[in-house]
Each structure stands twice: as C-alpha cells, then as structure tokens.
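All chains are identified by letter, namely A, B, C and D, in their written order; residue positions are counted from 1 within each chain.
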Amino acid sequence: MTVRIGVIGAGWIGQDHIRRLTHVITGAEVTAVTDLDAAHAAEVATGVGARALPTGQDVIAAPDVDAVLVTSWGPTHAEYVLATIAAGKPVFCEKPLATSAEDCLRIVEAETAYGRRLVQVGFMRRYDAGYRAMKQVIDAGEIGVPLMVHCAHRNPTVPASYTSAMAAQDTAVHEIDVLRWLLDDEIVSVQVVTPRRTSKRLEHLQDPQIMLFETANGVRIDLEVFVNCQYGYDIQCETVGESGLVRLPDPASPSVRSAGRADTAVVQDWRERFPAAFDAEFQEWTASVAAATAPTGPSAWDGYAAIGDATVQALESGRIVGVAMKDRPAFYAGGTAGGTAR
Amino acid sequence: MTVRIGVIGAGWIGQDHIRRLTHVITGAEVTAVTDLDAAHAAEVATGVGARALPTGQDVIAAPDVDAVLVTSWGPTHAEYVLATIAAGKPVFCEKPLATSAEDCLRIVEAETAYGRRLVQVGFMRRYDAGYRAMKQVIDAGEIGVPLMVHCAHRNPTVPASYTSAMAAQDTAVHEIDVLRWLLDDEIVSVQVVTPRRTSKRLEHLQDPQIMLFETANGVRIDLEVFVNCQYGYDIQCETVGESGLVRLPDPASPSVRSAGRADTAVVQDWRERFPAAFDAEFQEWTASVAAATAPTGPSAWDGYAAIGDATVQALESGRIVGVAMKDRPAFYAGGTAGGTAR
Amino acid sequence: MTVRIGVIGAGWIGQDHIRRLTHVITGAEVTAVTDLDAAHAAEVATGVGARALPTGQDVIAAPDVDAVLVTSWGPTHAEYVLATIAAGKPVFCEKPLATSAEDCLRIVEAETAYGRRLVQVGFMRRYDAGYRAMKQVIDAGEIGVPLMVHCAHRNPTVPASYTSAMAAQDTAVHEIDVLRWLLDDEIVSVQVVTPRRTSKRLEHLQDPQIMLFETANGVRIDLEVFVNCQYGYDIQCETVGESGLVRLPDPASPSVRSAGRADTAVVQDWRERFPAAFDAEFQEWTASVAAATAPTGPSAWDGYAAIGDATVQALESGRIVGVAMKDRPAFYAGGTAGGTAR
Amino acid sequence: MTVRIGVIGAGWIGQDHIRRLTHVITGAEVTAVTDLDAAHAAEVATGVGARALPTGQDVIAAPDVDAVLVTSWGPTHAEYVLATIAAGKPVFCEKPLATSAEDCLRIVEAETAYGRRLVQVGFMRRYDAGYRAMKQVIDAGEIGVPLMVHCAHRNPTVPASYTSAMAAQDTAVHEIDVLRWLLDDEIVSVQVVTPRRTSKRLEHLQDPQIMLFETANGVRIDLEVFVNCQYGYDIQCETVGESGLVRLPDPASPSVRSAGRADTAVVQDWRERFPAAFDAEFQEWTASVAAATAPTGPSAWDGYAAIGDATVQALESGRIVGVAMKDRPAFYAGGTAGGTAR
C-alpha cells in the first residue's frame, strides 16, 4: 500500500519533504499540496503529479489524502493539526507543534479524546545514528546513572530576523527534545547565563547563551547556544554518568594532512549534518501510517514538553524559572521514548 | 515509472537486495525471482508479490521484467549477463562479473557490439560517503599528485572454506576496484608478500598477505589483507600525494570513557560498515534504468579489470607479475570513473 | 652557580620535590630540610646529602640556604612565607599560598613593602605544554575574543576525608589559576549548581558540582568538578571565541584495536598527567633564583586570587556570589601572566 | 658525582647536546671540547666553562674527562670510538656508529675484547614515551604475536645534498633500530619499491621510497620514507598482531575549530617531535656513567645492525637482498633490548 500524503505549506522545508517523500521514501506519494501562494502550490504539485488545493482544510478533507504533513508557518500549525485529528487522519507536524503551551495542550486533549495517537512532531534527532548509538550506551548501563550533560548547538550564522528568544524557541527545542528522550526524564527548571556577546553579528541579539536545565531526576544540563559562531554547524553532546561518559560522534570525514595541519571538514548546515535522520524519520512515519499503528516518533506530548516559554522567561528575568508542566496523561505512557532505537 | 526487476539467485545476498529493492529503494519493484531451489524461489517471490520462474532465461525473457539482477553462484554470472545483453535489457551483476578474464572479455565484447552500456557490476564502495569525500579531496588537488596508497582490509574471521587465493579473488577485488576509481589509473603489476601466518585460524591459509600493486602512473599501493584479524571488520585507506595525504574516515561512533579507557566500537562486518553505500548503489542504478541512460556505476570493463588472476599468480610464484590487460575499448572511455561523485 | 634550597615539610609532596630538585633539575641542590617529625627530616636529608634542621625558621635563616621551598601543612604556609620575605630570600610555596584571603593579603603587602617579587606559588598547569599551546592559539587571535570556557576536572576517586568545600579549595584552585592566566582576566562572580550525587561514594559529599564563573570581561566559564568519576583523572578545557574554539589535548597515548574496540588509556592520577609541567616549573624557578630576577610563575597575587572562599559560599548558599577582591597593586602589573609562554 | 664529559665535534648537533648536558641534564658537565675549527671550539667551550683542546685524541686522553661524546663528521666516528674504548672510557656516539659494517664490527670486537660495555649509540627513539608505551602494549601481549608493521618517516624537505642512498643510511636507520627493539627481532632481508617521484624537489633523488623488511621471526615491515612530503615531520608506526594492533600516538596538540575546519598542528622537524626523548637518553646515559654500570641504551651491536648497506643495495639492484649479519656475540646477549622501558 502506498500512503497518500497531503502537504500544507510548500515553503522550502515543505518542498524538501515533498522531494523526500517522492524520491527517497518508499511507500509514499504526495497527492495534494496547498500553499498561501496558490500559483506556487500549483507549480510544486505539478512537479510531483499531485493536485493543488485551495486551503489546508481542503487537503485534510481530500479523499485521496491518507495522512497530512504540516509545514506551514508556525502560528498556523495548531489549527491544521487539530483539524486533522478531527478528521481522524495521521498528521506529521514540523516543529513547533504550536507556538504556545496552551495550543499544544489543546492538541494533546484532542488526541487523547480521539483515543489513539495520530500526531508526530518533527524532531528528527531521535533518528540520528549517533544519538541512537549514544542512547544505546546509556540504556545499556555502560556509563552508570546519568548525572550531567554538556551540550553545544552552534550555527555559523543566522539572518537578522533571528531574535534572542528564538535561541530557546527555534534552536534549543531540538536539544530539549533529544535530551528528554536520551535521559527518559523531564525538565523541571531552567536558567540562562549570558556571556559577553559576539561582536561579529547583530547588535539586538544575546548570542551566545548558556542554558542550564535541571531534570526531575536531578540531572544537570548545560547547553551552549551560539548561532553566529562563524566556523560551522557543530552539535556536541556529552553525557556524564556515575562510572563513565559518552560523547556524540562528529560526522565521519576524511582527515587531510597538508601545509602543517592535520584537519577534517566541519559541516556548514543542518542539511549536511542530519540528512539520514530526516530520511529515517519519514520512512518510519510512513510505515506506521501504512500499518495503521501509532507513530513511533515524538508525540504531541513531546511537542508540548519542548516549548521554550520557561527558557525565554529565564533569559528575560535572569532568574531560575520552574517549568510548570501538566501531568502527563496516561495516554502518553511510555513517555519520552520514541524512534526505533527503543 | 516503476522499474520492474527480475532476480536470478535468491541466496542470502539476493534476498538482501530483494529486500532493499522492495522496501528501501524508490521506483523499483521485484516482479520475478528464480533460484536453483524452486520452492525457495516461490517462497521469496510470494513474500514480495513477485512471480517465481523456472530458470534464469525465463526471468530474462519475461515481458514484465525491465532489468535483471544477477546474484546467483559466481560461475553462472557470465551466462546470465550475456543472455541479458542479448535481450537488450540492463543487468546488474554482483561481483565477480565472471570467474575468468576470458568470460569478462566476452561480456565486454558483447556489450560493445550491442552499442550501449547495459552492465553494472556490484562494487559498492564507490558509493560510500567516506570514499567519495576522499576522492573529492584528491580530485580537488588538495594533496597534489598521488604517489602511494596504504590500505588494509581486515575481517574478524572467515569460514574454513576460505582459501589463500580468495584473498585476491573475493576480498581484494573491492580494494582494486575502488583504487582504480579513486586514482583513475590502471594496475600494471602485482607482488604478494607473505608475513608470518596467524596461528589463530586455518592451517591451510596464508593469512595475512601484503599485496603490492603498481599503477600505470607509477603509484605504489600496499594492501594488507588479513581475514582473521579477530578484532573487527576494519577498512583503512590512506593516499599520499606530493603535498599532503588523505585518510578514509572510520565510521562515526560515540566515544566512551570508562574503566580507565577511552574507546569507540569497531564494526564487526561489512553489513554494518557499508549499508548506505549499498542503498545508494541501487538507488542510482534504478534511476539510470528508469531514465534509460547508461549506468553510472562500475562497468563490465571494471569487472574485467578487477579480476584477481595476476595476484593469485603472484602469491603462488612469489614473483612480481605483470597485469596483461587488453587495451580499453574506446567504448569505455571515461574509464574508471563511476558513481555520481565524478 | 648552584642554587641551595631549604625545604620546610618533608611529606610526600615535599619528598617528591626534593627528588626533583636533586635528580631532575639542573643548577639546584637541597641543603637543608625540616619536618615536624625530626627523625623523618634527618632520614630524608641524609638521602640527598643535606642537613636536617629543627625548625622552619632555622631553614629560612641558614646561611647555606639561598631559597626556600614551603611544602608543609597548608595552615602553616603563611607564617613561613612571611618569614622568608622578611629574610629577603626567594620562596616557592605549594598551593595554597594561605588558607584565608586575609593571610594571602598579608603576604601581598609584605612582598610589596619589600619592593621586589620573592614569592612563587605552585600552580604548575601554566607550565603544561598543552595549556601553553592553547594559550598561544588564543593569544595569536586564532579563535577571536574568548566568550566562554567549558572545563572539567575529574578524579577517579578521593579519600573519605575529602569535603564538599574542598572541591573549591583544593581542586578548583588549579582551574581558577590557569583560567585567569589563559584569559588574562579576573573572576568576578561564582555560582555552584549541584547535580544528582553519585551513589558510588561518600554520603557526606556533594559530588559532582558544576561551578559557573563570570569574569571581568564577561567570559562565562562552566567547570564540572567530579572527584569520584571512577574512570580516570581527566582534565578537559575548551575555550570558545568569536570565530572558533580551541580544546586542550588529551595526553598522547598509543591507540589499540582489539576485541571489537579502538581505545586509548586514560591516566589515573595527576602525577601521570602533569610530570613535565612540574619539572618545567621548578627548572624555571631555579633559573630565576640563580639569575636573581623576579620569578616568572604565579605570584602572591595569583595565590590570593585563586582562594576558593566565594565558591564555597556559593555552594553553601545556592546563590550567585560576587568575588570581592582588593584592587591589584601596581606592583603586580603584568598581572596574571606567568610562565615563559607569555 | 658530576660526570665530566669531553665533546668531539661542535657542529650544531654537538652544540645542542652541549646545551642539553649543561642546562637540562643533572649530574653532567662539559669539561673539554674540540672541533676541526679551533676558534669555534674555543668559543663554544668558553660558553660553558670548558677547555678547548686541539684534537679528539686530546679530549679522550684528558684526565678531567670521564666520558666522551662523539658528534663529529660520520666517517670519523669509528676512529674516535675505538680510541675511547682503548682508553677504557665510556663513549656516546651519535649515529651512525660508523659508515661501514666493517668498522662497526671492529668496534664490536674491540669492546668485546675490553670485556665490558662502553659504547652507546644515539638512537633516541627508544626513549620516546610513545614508542615506550607501544612496546609495553606489545610486550604485555595485548595485540598477540606481531605479524606486520606499517611505518612512515616523512620530512617536509631535505637539502640538495641529500642522496637516494641517504634514505637508508641517514633516515631509515632510526626506524630500523626502533623496530628491532620494538619487536626484539632481527632483519633478514630487504627490498625497496620505488613509487613515482615527487616533482616538488630534486631531480637526482628517488623520493619517496618504500622499504620492505623481513625479520627472523617472519614479521613483514613496510616503511615509507618520504623526505620532501612538504606538509610536516610525521612519524607513523602501526604494529599488527594476531589479535589486535597498536598505533604510535601523534604528539599531543590542541585542536582548533575555525573557518570550516577542525585541525591540529603537525610538527615541522625532529627537534619538535623528540625533545623529551633526547633529554631522557642523555639523562639515563649520564646516570649509567656515574654509576659505572653498562649503558642501558643502544649498543655497538645495535649500531652495526642498523647499517643500511643492504637497503642501499636493494634500492640500486631492484632486488630482494639478504642481510648477512655476523652472529651476535654472547657479549651482547639480552640483545636488542635497551632503554628503561624493558
């Protein structure tokens, strides 16, 4: 059975996923596309033999759409996800699930009321081979009980539209999700430390930031977010346990010796860093839709838990901010696990 | 368009490729399967919704077969490849292309007479991201003109049926092919040096062996083949040029510190080492069949060039043996290049 | 000229320095030794052809003592250092310079009044080749203006007498000194974060601790102190600047591949980690004494600046604690620099 | 007791050793210096408070010379070493011990006749911490019985006076000595393979060369000697045994990430690569002279065994050349071992 997918939002991330679903993933085809720009939707749809439809609601309702992919503008995510749940169809929503905790909770409630998991959120790091191998080491007890995690998320540069709050809302969400999954634990408080700002970019921006998270189990996480680090896209993660530590591998790259240096290349963006993770994410999601089983990836609850509100408050107040999460519904038991590495 | 593929030989490598074509590769489906064991063929075929056919000739002739995959016993390869050429269909043949240089040349001649490339041989390393990145470094001139290559091919262990000649015929063929491609050069002589044998395995076996190749451009290659090295499956390759060197990366793996050691895992077999290369190989081949263009991968000429006869003679004689290849037909101009890394 | 050195305190660190001064360092000889245990002092003195003297004051006053090495119990350091200054002789004092900030300042004042630098404090990391190479990278501008430093200090285990306050007073002092030198900057505030405690050791102990320092220039430092990490003695330091980062090297060690792992050894104590630094420290100090020039290593001011009082307060209060240092006397201009790597 | 050393030959290597004996090594002083250029000898001698003497024979005979260091022109080594043996004094001779096997054997015979070891040859790699750690791994059985060694010796460039034969005589001697020591084995045959020459330097030179050695125990060694590799001074050594392998570490150096690359520096000459080995070598030799015990380092027999005549013949003939060594006198039993790493 080929899963027929309708896509809401044909911006560049939407287009990249359409390419992936059409040419990389087996068992999927894109049958309907919509976009605010109707002409653009028509062009993209034609390129893959799909129909262009006027609105997201049309895509959700279309009889030749088995499942929906939401890649529209963030503030519209909640509306489309809720409508797809109402239609009883599986929905894959790019992060963020919604732009407020309230909207995330509305989705959680709707899905719980529906009685079966329909929602998967696009946190692809759980599908990265390096993170999965790291989780295996932790789960196998090779480093003992985790006590601390040291992380860094570095981009070479960001556009001028990037704000200090986006360090939490757009950038750190990936770390928060993958750390919750890695540790099978919840974040309970956050503090943000503000180093001297880089002079390389953007006067309005607090860059870098160091985010300090505490989990329910008492694990302490420090996360450097530095989005104008100049030299490359660099993701670091080291988990220290009672008897050892494990470090996320850098991508494999040939080492070169020339002109007095031994070096390897550092990748320059996330497309180079996580291509296989995106493919695995959509392959597993497609398979779960085809099999009519619950998605194995990040849930609506995970989408809610990764919301960066507390981190932004911590940045703005300079204080330690408690993370006031609702209790996790039994519906989401099994919790933070996800991806086939379980 | 979905490419319909007929498979000749449903042993474990055949079955693995059937799985790949069915579940991993987009745009391909297996429609016909044959095997010496008809019941087994029927079972495998049923599992993927294909027909079982009595003989390889039936598969080649079947109207719902657009292209043929030969994964039968080595000595039967030539017959099936020649028959597929005669039928004017594309054929992917697992290595070796044939078990003698003569048979390889018959295939080369048949394909040349046909007037268009139909044959691709299963040397998957050209599709490995590490080798491709290494080739980019070389082709970009970052290390200057290549002068030497130091290689190692190590398996943890081999079955008792493995013979000393198989070090060249079965194991080193992969290195020879990827080195010809990496350097865009031909091997002109070979010598085999025989170190003290490992006492860990198999009295009948000369293991390890060090193969010394010379290329037409004067590059010297030393290749350690050690198929009972105990510790893991380990592929090493370092190319030294006039101004620098480049080293094939080891697979990315988390580093662990515990109990007084900092370590990473070494993979244990080629399935763990090259999975993405196999996928890319078949994805690119399927695309070339769908587009009715020449395959971009290793050609019949490459299959001929990798034949290990001279290396076996060198092992048995203890002498330097010249590699007496025919001149490359203009038909194969562009030569050793292959794979999209060109 | 051979520098004649008198040693106050012949415990194991004193004995190790006596061995070093006698057998490793050129241009030095130990001529007098004292210890609370007179018989022990006699035995140690005899072993290197020196005299045993009854008290530290006798050592300081002895005419055949050109310079004094203080390796007695910490609380006695201030008294001996002050007496040596009063005698106008150079003095090398193992860390800590004194056990209170007040005593450190008394020494600073005495030395300033004397009008010439006589005191060097035993912070040997400034003499480590790895730290020196790291400082060269920073000073050369290769990573731009420093913004953050991520550090870890891990011991495999500590004795039961170790207290939570000693993480700052005994362990972190080394990091604080080397960071002040590396960055040429002063620490202005500190906070201590307390992760879940390791269950491996010592109920009375908060282990690990994460210390967060802010410098006058706005650099943010996070330092993990984990003194029962089980796996080894591991010192990590990564400085992130506006355009790049530099990481302290691990000690060079052969890599081994066996039994499915590629590994290197992790050292087990500081004697294995910093032996060459201790040698260089004493060689340079001896040379400065012989030349009658100011010592090039850590000064009394550095000894004062490394005092861990604020960190202990931060640990005990759970708050951010400002570091209230006196203004640096002009006498110590040139400041935190030290060691020949300047 | 301070060992009084007379130095024959005050060229730059002689001067470097004089500096080392005077300022780095404890228990040694240089009391006499000679050089072909008498004015130069006077200047060097004055600098360290020694006497200049007219000839090497004068140095050997001087009553205030306890031991002799020979750092003169290679062809004069044998004469001075023999004279020092005749005088019954210890002698440290920089490599080569002599420029012909015959002269080496004359020294071996003279020392044997004298009845006690007096000669040490300047192969300093046995004192390098990396090689010593590698030998410990091998001797501890961690990789099983050694079967193969892969080595490389690369210099960034050599002067125009360097000849193809010097690759064996001057460069590979260090590898041969350290390999004999590492494996506790003797070389029995050699072959030289000649890759395409680098175009970067020196038309008269065969550079690089690959030397293939066979040992008495059947170990096969391949050694790349590439003396104009441009990028740095790079020494590689990997020993492969029956159950694992061990690789010589590169020198520790900070890793830097900047401008899209992660890199470390490669050293540019042997002075940067082996400084601690030279210091350890002379410190141990001085101690053995002071203690009037046999030197623990490379012996006259080791000097004889490292002579590169067979390698030069192999290069010039293109053939495999047997190494026809005399039987080792019982006097040198214990054999290739040396250095305190035993």
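Remarks
In this text, a residue touches a chain if its C-beta (ideal position, glycine included) is under 8 Å from a C-beta of that chain, and two chains touch if they have at least 3 such contacts.
Everything numeric here is computed off the predicted structure, so don't read it as measured data.
Seen from the Cα centre of chain D, the chain whose own Cα centre is farthest off is A.
Simply put, of A-D and A-C, more C-beta pairs touch at A-C.
The distance from the centre of chain A to the centre of chain C, with each centre set as the mean of the Cα atoms, comes to 45 Å.
Spacing of chain C relative to chain D, judged by their CA centroids, is 38 angstrom. Taking each chain's centre as the average of its CA atoms, chain A and chain D sit 58 Å apart.
Counting partner chains per residue, chain A has residues 230-231, 243-245, 250, 257-259, 264-265 touching two or more of them. Viewed as a contact network, the protein chains are fully connected, with every chain touching every other. Touching chain A in their complex are the following residues of chain B: 22-27, 129-130, 133-134, 137, 142-143, 243-259, 264-265, 276. Taken together, the chain C residues at the contact with chain A in this complex read 144-145, 147-148, 150, 152, 193-200, 208, 210, 212, 217-220, 222, 224, 226, 229-231, 240, 242-245.
The touching residues of chain B, counted against chain C in their complex, run 230-232, 234, 250, 257-266, 268.
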